[in-house]
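What follows is a pair of complexes built around chain A, which joins chain B in one and chain C in the other.
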Partner chain A sequence: MPENITLLTAETFPGYICSGQDRVVLVFRQRCPNCQVLMAVIDKCRASWPEFDVAGVDADESPGLLEQMAVSKVPTILVYRNGELSARRTGVMSPPELRALVASAGAPRP
Partner chain B sequence: MSDSERGLIIVGGGIAGMTAAIYAARAGLDLLLLEKAACGGVANSSCTVENFPSYQAISGMELMQKIKSHVRSFGVAIEELAEVEDVDLESRLKTIATADARHAAKTLIIATGSAPNRLPIASGCDERVHYCALCDGPAYKGKDVAVVGGGNTGFDESLYLVGLGVRSVVLLECLETCGAAQAVQTRARSTGRIAVRTGCRVCAAVRENGRVRMTVEDVRTGSSGTVIVDGVFVYIGHRPNTAMLEGKLDLDPSGGIAADAFMHTSRPGVFAAGDVIAKRYRQLTTAMADGTIAALEAARYVRECA
Partner chain C sequence: MSRNVIVVMLDTLQFNYLGCYGNAWIHTPHIDRFSKQGVLFENAYTEGLPTIPCRRAMFTGRYTLPVKGWWQLDIDDTTIADLCWGHPIDTALIGDAGPLRLPKFGYSRGFDKVHFIHGHETDHQYYARDQLAGLRAEDYFEDHVMQSADAILGEQVVRPLLNQVECHLKERQYWKSDDDQHAAQVMKAASRYLENADRNKSFFLWVDCFDPHEPWDPPSVYDRTLPCPYDPDYKGKDMFLPIQGHVQGLYTEPELHHIRMLYAEKVTMVDKWFGWLMGRIRALGLEDDTLVLLVSDHGCPMGNGEHGHGIMRKCRPWPYEELTHIPMILRGPGLPRGTRVPSFVQSCDVAPTVVDWLGIGVHPSMQGKSLLPLANGEVEGLRDFAVAGYFRYSWSIITPDWSFIHWLKGEEKTVADSRFGMYGRDLAQATAHLLQTKKLNAVEDRDTAFYMRAYEEYKEAATLDGEDQWTCTAASSGEVPARDELYHRVADPFQLRNVAAEKPAVARDLFERLRLFMAELRVSDSGAVL
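Take a look at the complex of A and B:
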């Protein structure tokens, strides 16, 4: 887990997604190779947009939260706008694809 | 966009590319290794590797990390998340363009590996069809799954799923016999939780009452049956990653690069190694051998061109 990703739990998740206009959440597993790649993609996006804020949900630690989010595959990126889910995508994506996903949800483009 | 010229560029950071990097660095070549995602390739997704000499059992990701560290110890420049957008193989200097830079080198080694084949049916339950047990297996603890594919990977991943606490696995193979090594087949059957069905072709998969209802055809009789599970894991081989090379290198009908015993392709100065080439056996050890030969031939090519 990269140091600069805030880890969410079932308790902190609802408050987090409502705490700002746009919130990006990565659902991951520690041993998932594709999740490691996506974390590197996030880091690369941050290099050009330091304010790009992403929080993480560890699928093994929060199975109930996964059910609530209807996530059955990792990695999955979910983008919330004003607390509502506005975009989601599963699997590895390139930095341009991640930027496009976040932009499609209305968030400022990283 | 910057131009930089090197002796060698290796495209692909799987075990073939990383092995080539070690040999090329030892040969004194100034080299760059480009990897579109993270070094390790498809081996990163292997729960357990049991056929790599020197380790009785090791996770694929751990093994790849060790090899990457070995490559780094030679000071090799590695760029990850560097997806190749274009290649020019015709000029004396070969050029590679990524989103961030343009690179040039006297010689190239293509080691772009392969990607898993998708289940060849229109599925109405994509959320329950998986290709990585390490990633998605834990969600099926106490549940029933199907594994499609009776090769080594299908059996290895079935054992991993059982080890996670999956209640039962039905392994479906469309051929009359499974291709996996006998040792792993025996171990799988001895668990009592892995049922192997050969001669079964998956025709359809739909969501039904929160589960997956698969229609399977008996290839001997043509009769259809039903398998109901909570999730499906698919391991039915790989296809070479050669889309960017169409029209630039000779490929075989399956899309693999046509390479000779010395890893020469149809273009002088362009070598290929690993799962991306047309061949029968795709193993970690065969990819390492390919990478070794490609690097030694690339070094010879650079010497002869000097």
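Take a look at the complex of A and C:
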């Protein structure tokens, strides 16, 4: 887990997604190579947009939360706007694809 | 002084059918001599398979395996020819590879001069309306094959193949000697280009010779006075375009052997014409300023065991040694002569090598590496492993000690489904216009059937988002799938004894390295490498 991604739990998740206009959540597993690569992509996006904020949900630690989010595969990126899910995508993606996903939810482009 | 490059791409040239790669009985004196004049890469592997993704990797210097299969050149791709624009470099593509000319695929983009020779496999319909005299397609299939193939393979294969063979015979009836074979035509066209090249400028010439790709119709097939030099006593029919499929029950071992001997004879014929072109390069005084790279896109499954793991031709997405290990030999002024390099090199190294030699800079999108520092002994190796496979079907990782194959799907269903997935599915976008303007007097064969099915599935095409290879299931343990295969590369180079169950730690390590590398490639966009 990268140091600069806030780890969410079932208790902190509801408050986080309502805490701002656009909130990006990464669901991951520690031993998933695709998740490792997507985290590197997030870091790369941050280099050009430091305010790009992503919180993480560890799939192994929060199975109930996964069920609540209807996530069966990782990595999955979910974008919440004012607490409501507005975009999601599963699998690795390149920096342009991640930027496009976040933009599709109405958030400023990283 | 101008610096020139000639890439000679010989399709389906299996490495172990060459003397310089250890074959002791097939005559390839010209390629063997060429290897003694240059640098031979012992562990060269293709990457995405088959024809089209191989070319894409060579042209762009990028891995294709995680991103695209049988697909057109995209506007985001930057090719060697694209990079030559604006420099004093003339570019030319000369060849007869039908797939490279597929409608809207655009692989001739950027070349200043393009010369295409009609009639080879996949372009065989070019001769469909010619009258055939004195030859019959049925004379090139054994009766038991024609009678049983449809039932054994579970689809109609005989009639389309007879049509294809007939088209080839319609072209071949005009040949007068081996001077007229496709390899000869391609090399002579390349020579004509060289004779007219402006020596005050540089040139980049890509010679794309589809031989020794099937049909395997070397001199002994069209000249009945000549015995096949590698199987002179064979009495059966010359099945020079064997039906694709599992060989069990379809061919006898002597038949399979003879098919391979026809291929071997074809390799010798191609070697002769490669040698002829090298002679022309020497006579034209080009050796002192020209880099020549000999490479192939892949080998070919041709039977049981090490010959093809039970299949004939590329009808299953099986990335075994006989298909993925390729010859690659580099010769240029100032480069070492007679050197053999064990480091892994891949087809995506072709483009960086060419632009490096031309001095126009390796493009930042290229993931391959220039071979020049390796050839010169300035570095010991370029990478710790090679990868190869079929988009959406199979990934393999090859290390000095091991090879590991990861299957992206469960068991493939039929050969027809496999072939459609490998060749046909992604054709739809590029070939939809053909369906709107039905070809006059078109003969239905497997290629046209591909177009039809691709068109039907076009609107239902899946995206890559969320496909299994890019995800883990939330509950999975990351264990190596039971279908995956591990082989000891030193003791078992042709992958005949799967030891995945005996070496689970090795299998798991390779599985994780492979998945991580593929994911890194997948997110590396053409503008910025991660």
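In the analysis below, the second predicted complex is superposed on the first by the 110 of 110 C-alpha atoms of A that agree within 3 Å, B and C clash if a C-alpha of one lies under 4 Å from a C-alpha of the other, contacts with A are read in each partner's own complex, and residues count from 1 in each chain.
FYI, a residue touches a chain if its C-beta (ideal position, glycine included) is under 8 Å from a C-beta of that chain, and two chains touch if they have at least 3 such contacts.
Since we're looking at a predicted model, the values are computed, not measured.
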Fit or clash for chain B plus chain C once both are placed on chain A?
-> clash
First (chain B), second (chain C), both or neither: which does A:93 touch?
-> second
Does the superposition put A:68 against chain B (first), chain C (second), both, or neither?
-> neither
Of chain B and chain C, the partner touching more residues of chain A is C
Scan A:37 for contacts with chain B and chain C and give back first, second, both or neither.
-> both
Only chain B stretch among 23-31, 185-193 or 221-229 with CA clashes against chain C is 23-31
Chain A residues contacted in one complex by chain B, in the other by chain C | 29, 31-37, 40-41, 44, 59, 63, 66, 72-75, 92, 94-96
Flag every residue of chain C that touches chain A in the complex, lowest number first.
-> 464-467, 470-474, 478, 512, 515-516, 519-520, 522-525, 527-528, 530
Residues of chain A touching chain B in their complex?
-> 29, 31-37, 40-41, 44, 59-60, 63, 66, 72-75, 92, 94-96
Spell out the residues on chain A that touch chain C in their complex, using ranges where they run on.
-> 27, 29, 31-38, 40-41, 44, 59, 63, 66, 71-76, 89-97
Interface residues, chain B side, partner chain A - complex = 37-38, 40, 44-45, 59-61, 80-81, 83, 99, 127-128, 130, 132, 134-136, 138-139, 231
